[in-house]
Structures are given as structure tokens and as C-alpha cells.
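In order of appearance the chains are A, B, C, D, E, F, G and H, and numbering begins at 1 in each one.
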């Protein structure tokens, strides 16, 4: 399966400087072998490109769109208004306001056009992809099993970290 | 199709006082004929009921969980941590802080367990259900057509309101 | 001069419920006899109507666009990205967050596409129109004189209010 | 007295990266010779481990639970909902929002399940342990005397710092 | 047992206008038959009265102090600095800032003097008393049983509300 | 002594709608028999009137200027920049932001030109006048005694309110 | 065309430390060959210089004033109150509050005196100049074409960045 | 005149780590030759020392008290409640919240006990001393002249900075 063929999740961002944060989403999609693409566009600097992307995504076979944007983060909402696909927004910390501007610009969508908003920054980017996995697993038994294993592993990681802490505190044990 | 049979969307809330707001979600689900249930539980006052709900939802056939909660709104995150299903959170304005507490408690989930957060209050409740519709429409052609019609209608409503305003401003026309 | 002919200022809003606030702008435009129109569209619910409006405004002779919107207020930015005309944004208080969401969504535009943002609500709507007057007066001597008179009158109003207060405090004088 | 035996205060945290901050609590407990344990669990990544911890803490002889968590800090509330023991929450600064998210997520508990919240970060971690000491001193005369001495010492430290400042400002004296 | 004799919990507030909110604490204490007193003093308007109260509370047999205050809510911190007893703070919504001022003034205590802070307003006042009950139950088996019953009842109440909602939604059932 | 003659405190406000709040200052000045004036001007609508007021206040015998203003509250800073007299600012709650805009606009003066800022609204207006009394009492023994009595009375009021509460809670006593 | 002759845009700032941020505006003006000046004055430290500047700007041929200021950013409002020219405000991040103080002090102007506010910091400074270009292009066909080209170029830049990202992700292609 | 003799301004701070910021106040007092002292005390860690300081300040000849404190900054309010002298508060940025906690804790004093609050941090510390100078100059003609000169110099500094900028931009001139 080649990533650039038939992507079913599109990871969109407003600026190439957003890539390091949005890689958290990409890496999760890679881990679960979800065909995906990385797409750069801007609600404000490239509105026609954005509209074209949004209007053709469904026809191209994309099922879920993840959008990272900072400042007055309109990109997720603008895309959501031009596609019936589920859109997940990741507010980015790109100004002096700690991401509060992007958070409110992404989240406070008026009734009618939903954007599923995640936490600001890397945690949000990672969770956006995990949310896509949860959606896709509804109709994909194999993926569902991988997701269940992933969730179980997280609990296991906590146990390992407990040991690590314990050793740090009581090296003699 | 009876609503109480085989719900595929579960609308959960932390208090019966949240019902008027969460009815915005219920009404959208009714409009799209999505089998659903309304479930009341509390992350804090009824943790075992909450855990039981979360752990058995998938087996009962539920596909999507919508959770409304106010104040230190843990309910969506607590449920999301005990089910692989996609969970949509609706922060409610239940304190003196305008919903900012519920918003941050719902949204700022750490990496690993996603909650798809919507706007505070009624707009968010409505959009939670519309997001569920977008998800379900990925695998339901009929629902997809209804969703497309719904989206198109919104644009039509804007036209009607334009006329209404025009008449209010220039009654002579 | 008929208002509906050749508007040079377009007052746009996202919802008919915004009209009472945006009338502050309309009333200033009427007072200065600026040909204007009131236009209702939504960045999210009517994106094509919005794009069409933005792309054709200049050709229709519109010189300045005033946009009022609440919540995740994308409308001003979305219009500004599709026209070279100056766009003035008025954040509206439409949610439980006191207009902070609309304020940040309108103001925090990334470099490249400016939106001239005014205060939240009625003061902002009024000032949006007065800012349009200041712009138009740069090339309209008569309007410049009316603007100068308006500014002078405000100082006079302060004097009258001083007397009113004085009488309220010392009715014997 | 071995720390790992019969802990009466449990210091819980959501991530091993929280340890440097939570050591402020550990160090106070060490200073007052309060038997304690350091426990790592996650409300979201390890919900069963968290539930087991909360439900068995009282039986294991734990009297007070201190919980540090960042972001959508649900851990303290989730534990408090599954134990009758007093739970003290320490919001941690783990995101771009300066700890405001953790603060509101920990503090704004609905009526019924209290979490005693301390300041964000190190000051809060230290005070969480000092609050535990105040509680335990209610029934421990010796500990009460040590607490009184600790409080008195703080006033003495202020005097020493005054001298230090005085010398810095007037080295000739 | 007369309330005015031998109070072991003191409910302190800065203004008689705070009483309706702080009654949430008083009512919980009454329900659990905890001897208590209601005490009015002000950190700023009656500093000597406040100091005398704080310094003598322990000798009078008080074990826990609950303090409600609004605006620049110094009262809890000022009392905590003059007694070794555990002090629980309840920030009140008494200004135009939704209680954020009282919240930060009560919570952000520097390391050394802890104040256990509860949610803003009525939920916080109720939880302050419930936290006192949790503390006292550590050394009072009977109270511990009553607390366990109270906690269990909350889960039962959730069930009753579920039925109420169910009937409201489906009256035919 | 006639108030309009020789005022030594000037109470300035930006709008006649501010009078009800600023009367809290006026009433304190009346109570302490401080000659004062009420002056209405606007930093923005009447800049020359404001400059004239500021530049001549000292020559007219004014010693202290109290300024109430809302929204982008520039008035106190603008006056302080044009007089060497001490200026006290009272931020007013005049917009949808709870007075936070006025608070920051009044308080965050850059180094060089101080404005002594009080709390938002009525408490701030009252305290502005009490701060003026504290200043004037530095050189007025009689006023100093009245101030001391005022401060003592506040403590007495607390006692009376304690009785009132006590009776409300235990009417039988 | 010499910049210091006949400036039609004046870029004003409150401190020389603001220059690196405000150069974003200057550079845009240079790129579009708009005659401009850089002017340093302070609303608070140099009120007469500020008043003189504001009152004479129009006569000197200035058409648009861009003002950058931090903290209690009064400068834009103070200038706008003394000139009929359009004034664009750029809030700067100059304190510990992330520019929120400057933002609200610049934006929340009362009805009557508009300040067109841009985003905090460099993005805002750049957009202030671009907004000035949009205004001037209303009456300058050549400038209008340059502006159109600039806008088109932004969309082109997005395409180039897409390629750059693509290559970074798939270097083999 | 020796500084340690007969101080008339007391600069108080809660921690020796506050000294670098509060030196801004000390340096202004030195520049104007105001006899002053630097005093370290803590509302919470040394309440008796604080009370003693506050109650005896007036008798020692102190006329004005400047107080710098961070976090839940109670120190200024606690001192103001125990002295009739004017108290100036400087909120310090000592936590993860950018000084917002100290700002609200210092500013939002209830009616009755005023604290004249300055900006957060160094600008506030400097202005606190300048406000003290303004107060003292009311009854000190020589100081009044020095203050007038200081104010005039600030305007001169602006001119010098203008030249500096001009040269940086146009080194050839």
C-alpha cells in the first residue's frame, strides 16, 4: 500500500512551520497503516486551493480530514463548511497568546457546521489521528484490534514508568 | 425502528439540568432518524455506573458517544478512557466562569485518549450530533444524501433571512 | 441617491440576529449619506454565497466591507481572503464567553490578509462605520467636513452632559 | 520505619515527567517522617489501575491522597470519586496555557465530590504535603509540635533574608 | 449536642451577603451532625478580630476552618497563616470577574502556608464541608459509615434522575 | 465651605452613565468633608477639554484626581501624562468583558507615568476616595482622626453583622 | 521618490524597542513604494509631541497612521482622537501578559473614535501596512495591480511550501 | 541625610527574590533623595512581623508604603488593613500565570481598604515610587520642581530616541 495512493485521511496544515507538531498525527497514522496524505493550504492566503481541496476530498476517497492551524485558525471551519466529511481541528500555539486564539477560533463553531476540536499542540495532533483511528475502527475489525492493543499498551507503559520512578527514588531496591 | 432498541448513538449527560441543552443533539439525531438513547451518569457521583456504561457500550451496538458536562467536566474523558468508541464532548456553561472550565477540562486531553470537543452549550450540542451524522454517513449512502441536503438547506436559509432583513430595512419594496 | 443602487459600503453579517447590533453601523452610514447595502451571509453555512459576494464586491463598486460575526467569527477573514478591498471586522458577543472568542477569531489574522478589527458589539459596529467614513473622507472634501463637524460635536456633547450631571448633583444652581 | 511499608500518604502523579515538581511534596513528607509512597497512574491511559488504586487505598491504610496532574487534569477528581479519603489536587503546568487548564479541571468539581486544590506547580506540591501534615497533626501531638516549629521557622527565615538584603543594599554596615 | 458548644468546624465568611452561598457548607455539616459555628470576620475591615479568631481557634477545640470570601479573597490565607489548623477556602463570585479574582487570590498561596481551595460558589461551599467530613471520618468510624452511605446515595440519585429523564422523553413508557 | 469652590479632589468620568458608580467616591468625599468637584470629559471625544483640565488642575488648587472610565479606559493615563498630580484610576465594567479591558487599560501603564488603580466598579470608586483621604490625612491631623475612626467603625460593623447572622441562624437565642 | 519627503503613511511607535516588530510594517510599505515616515512618540511620556503630531499629520499630507504600542497601549486611541485620519493600531507584546493588555487597550475603543486594530506583534504590524495598501489602492490603479499580484503570490507560496513538505516527507520521489 | 534614618517611604517585599524588580522603586526614590527603607516580610510566613510593621509604620514616621508581592499577593492588602497610611501595591510575575494572580489579588480589594495598584513587574515598581513622589510633592515645592523636570526629561528622551531610530533607518543622513 503506497501512502500517496488513495489516502483516506488527509492531514492539512496552514504553514510548513506547523509540520513538526502535525507529525504527531502523521506518525500515529503510519503506526496504524492508515493511507494518508499531508496537505498544505491556507484559508486566507490560498482560499481557492482550500475550496478546491475541500470540495474534491470526498470524491478522491478521503474519509477524514485533520486540520492544524494557529492564530485566527479558520482553516478547519472553512474546510468543514465545504465538505460533508468529518473534520478534526488541532489548534496550534503560534502567537503570544498560548494558543487560546487558535483554540477558540477552531472550537466555537456555530450550530450547523461541526469541527471536532482537539487539545492545543502536539497532544492534540496525536489525538486527532487517534480519533480518526477510532472512527475507522468502527468498520474495520482488524484496525479495531490494533486500537484495542494500543489502548492496552498505554496502561502497560504506566506500569513501566512506575518501576522507573520507584528505582529512581529507591535505587537500593 | 424504536429509539430505545439498538441505539447507535448514546447521548450522555452529567445532570438532568443539562437536558435542555443536550436536546439540541437529540433533535438532530431524531431529524436524521439515528437510533439513539439518552443516558444520565456522573463521572464523580456514579463512577461505577459510568465505567459500566463505557465498557459495555460497544457490545450493546453503540457506535458513537456524545457527552455533555459542565464545571470540571471529566465525564467525556473518563468515558473515552474506557471504550475504544469515538467520544464527542460538549462543554456546558454550568458555573460562573462562562463554560471556560468545562471547555478546558473537556478539550485538553493528554495524548493517547482523544475527545472530540465541540463549542460550549447549545451550538456545541447540535454540532456534536451533526458530527456523528458526518461519521455515520461515511458508510451510509442514504444518510449521506440527507446530510448533503441538510447542508444545502442551510445555505437556503441564509437567503431567506436576507430577504427578511431586506424587508425589515426597506418595507416599501 | 438610492441606497440599493451603487452601494460603496457593504455591511455584512452572519445571522439576522446580528442586525440590532449592526444597525449601529448602518445608522452612521445613513447619517453621512454613504450609499450602502446590508448583506447576510455565513462563512460556514453559505460558503459559496460568501465567496461569490467577496469576489464580486469590487466589481459591483463596493469600496469597503464591514463584517459583524460572533462565536468562531471567520466571516471577516474569509471575505478578506477573497477580495483586495479593505475589510473591517466587528466581533459580536454571541456565546457564553463575552465575545472573547469572536474577538480573537477576527483579530488574530496571520500576516498577509488584514482585517481591521473594532471593539466587541455596538461600539465596534458604530466605529466600523466611522472608520469607513474616515477612509472615504480621504478623497471626499465634503465628507471630510462632515466628519470634522461630527468629531467636533462629540466634544460639544461632553459639555452638555457635564451640565446635566452638574444639575443632577446641585439642582439648586 | 521503611517508607514502602504502611504508607499513610500516597503521592500520585499522571506522568513520570511530573516527578521533579511532585518531589516538593515528597520532600516535605520526608522532613516530617510521614510514611508515604509515590504512585504513578493515569486517569485516561490506565483507568483500571487508577480505579483499583482508589478503591483499595483506604484498606491499605492510606489516609490522604495527593494527586498531581496537568492538562485536562482529571486524575484527582477520578480518584476522589472512588474513595472516601481526602484527596488533595496539585494542578501542573504541562501545556501552553500556563496551568490554567489543569487548575480549572482540578478545582471546579461539582458538589458532592471534593478535591482540595493547591496552587499550580511546585508551590502547590509543597503545600499539598503541608496540608496533609496539618490534617495528620490534628491527632498526633508530636507532629503538631513539629508543624508548629516549622511554621515558626518560616518567620525566622524571613528575618535572615532581611539581613541578607540589608547587607546587599548597604554593604558598608 | 448544641451547635454553639464545642464547634469542631468553623465556617467563616467575609460578609453577611456571603451567607446564602455558605449555607451549602452549613447544611452539610448539619446533615452529618458535625458541631460547627458560623463566624463573620474580614481580613481587611477587622484584621484584629481575624487574628484573634485564627490564633485561638485551635485552643477552642476547632479542628477545621472553612473560609468563604470574594474579590481579593485574602481571608483564607490570612487565617491559615495564623493557625496550624487545616483551612479550606471557598472563592465566591462577588465582582464582575465571575469569581476568577477570588479563585486566584485563594488558590495561589506561596509554598509554606496551604489553603485547600474548592470550586467557586455553592458547589465549592458544599464540597468544603464534605472535605471536612472526609478528614474527620479518618478518625471516626461512625462518621465514616455515614460518609460511605452519602457517597453511595449520590449514585442512587443518578439512577432516579435517569428515570425522570426517560419519562420526560418517552412518557408513553 | 461650598463644594464648587476650591475643590481639592476632582472626580472625573468619561460618560454620564458612569455617575451611579462614581457616586461611591463622591459620597466618601462628602462624608469626610473634602471639597471636591465632579467633572465629565472624554479622552477620545473631547481631547482638548481633557488636556485643558489636566494642565490646569494643579493651578486651580486640585491636589488629587480620581478618574473612572470603562472599555479602552485611557482617561486616567491621559490625564496623568499631563499633570504632576497623583491620579487614581477606577476601571468600570462597561462592555461584555466584565471590566477586564478597563482594568488592563488603566493599570498597565508603562514606567514613567503612574496611575494608582483601584478595583473594578463600585468597590474601586469607594476605595479611590478613601485612598485620597489617606493621602490628605498625611498632612491633616483632624482628617487623620476621622479616618482612624472610620477604619475602627468598619471593624465594629463586622461585629454587628455577626450578631445579625447569629440571630438569623438561631432565632431562639 | 524620497521617503522622508511627503510621507503618506506614518508609522508611529511608543518606544525604540518596538522598532524590530514595526519594521514588518515598514518593509511592506517599502515593497509597495509607499512614501512613509517612522515616528517615535509616547502618549504618556510625550503627550504634547503626540498631540502636535496628531493635529498636524493631515496638513503634512499624511493619509494613514499606523501605531504600534504595548502595555496600556493608549497611543493609537490618543492619536485617533486628535486627527480625522484613519488610524491603525498594532498591539505589542511588551509585558508578562502576552499582549492581552495592549490588545484590549487598543481595540476596545468607545463608540465615536475608531482604531482599526490588527493582531498582536509582527503579524499585526505586517497586516497594518497591507491594510494601508488596500486603502490606498482604492484610488490608485497601479497600486491595486501590485496588491492583486501580492495576493496571488501568497497562493503561489503555499504551493511551493507544499512541494517542500512533500520532499521532506518522501525524499525518494 | 542617611537613608536608614527616618525613612518616609517603606519599600516592602515578600521575598528576597523580589529585590531585582523592586530595585526599580528604590532607584527612583534614591534619584529623588526620598529617605526610604527596604523591608522584607511575608503576609503568610511572618504574619506577626507583618502586623507589627504595619501598626508601627506611621509612628516611625513612614508616610507611604510600597509593597511588591507575587502569587496570591495578600501582602499589600494585609498591610493596608493595619495602617491608615496610603499603601501602593506592585503585583509581581512569580508563577506560571504571568502575574494575573498577583494582579487580581492586589487590585480587587473590597470597599473600605484601598490599595493603589500599579502594573505588573518592573514598570509597576518604578511607577509605585513615582506615585509616592507625586504624593510627597503636593507638600514639597522643591520636590515638585524635581518631579516637573523629570516629567519634562521623559519627553526629551523621546526626541533622542527618534533621532537614534532615524539614524538607524537612514544612516546616510
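Definition applied: contacts are C-beta pairs under 8 Å (C-beta built on N, C-alpha and C of every residue); 3 or more make two chains touch, one makes a residue touch a chain.
What you see is a predicted model; the values in this text were computed from it and never measured.
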- Query: What is the graph distance from chain E to chain G, where chains are linked when they touch?
  - Reply: 2
- Common contacts of chain D and chain F, by label, are E, H
- Task: Please indicate which chain is farthest from chain C, where distance is taken between mean Cα coordinates of the chains.
- Result: D
- Comparing centres built from CA atoms, which chain ends up most distant from chain E? G
- Message: Counting only Cα atoms for the centres, state how far chain D is from chain E in Å.
- Response: 20
- Determine the centre-to-centre distance between chain F and chain G, using the mean Cα coordinates as centres, and give it in whole Å. 36
- Message: I'd like to verify one number: the distance from the centre of chain C to the centre of chain H, where each centre is the average of its C-alpha atoms, in whole angstrom.
- Response: 42
- Query: Listing for chain E: what residues touch at least two other chains?
  - Reply: 15, 42, 45, 47, 71-72, 95, 97-98, 100, 107-110, 112-113, 119-120, 123, 154
- Item | In contact (per the touch rule at the top): chain pairs | A-B, A-C, A-D, A-G, B-C, B-D, B-E, C-F, C-G, D-E, D-H, E-F, E-H, F-G, F-H, G-H
- Spell out the part of chain C that touches chain A in their complex, as residue ranges. 14-15, 42-45, 47, 51, 70-72, 74, 77-78, 80-82, 94-95, 97, 100-102, 104-110, 112-113
- Which residues of chain G touch chain A in their complex? 93, 98-100, 119-121, 123, 154-155, 157-159, 161-162, 164-166, 168-170, 173
- In their shared complex, at which residues does chain F touch chain C? 3-4, 15-16, 19, 26, 38-42, 45-49, 71-72, 95-98
- Complex contact set, residues of chain B against chain A: 24, 63, 84-86, 88, 103, 107-120, 122-123, 126-128, 130-131, 134-135, 137-139, 144, 147-148, 151, 154
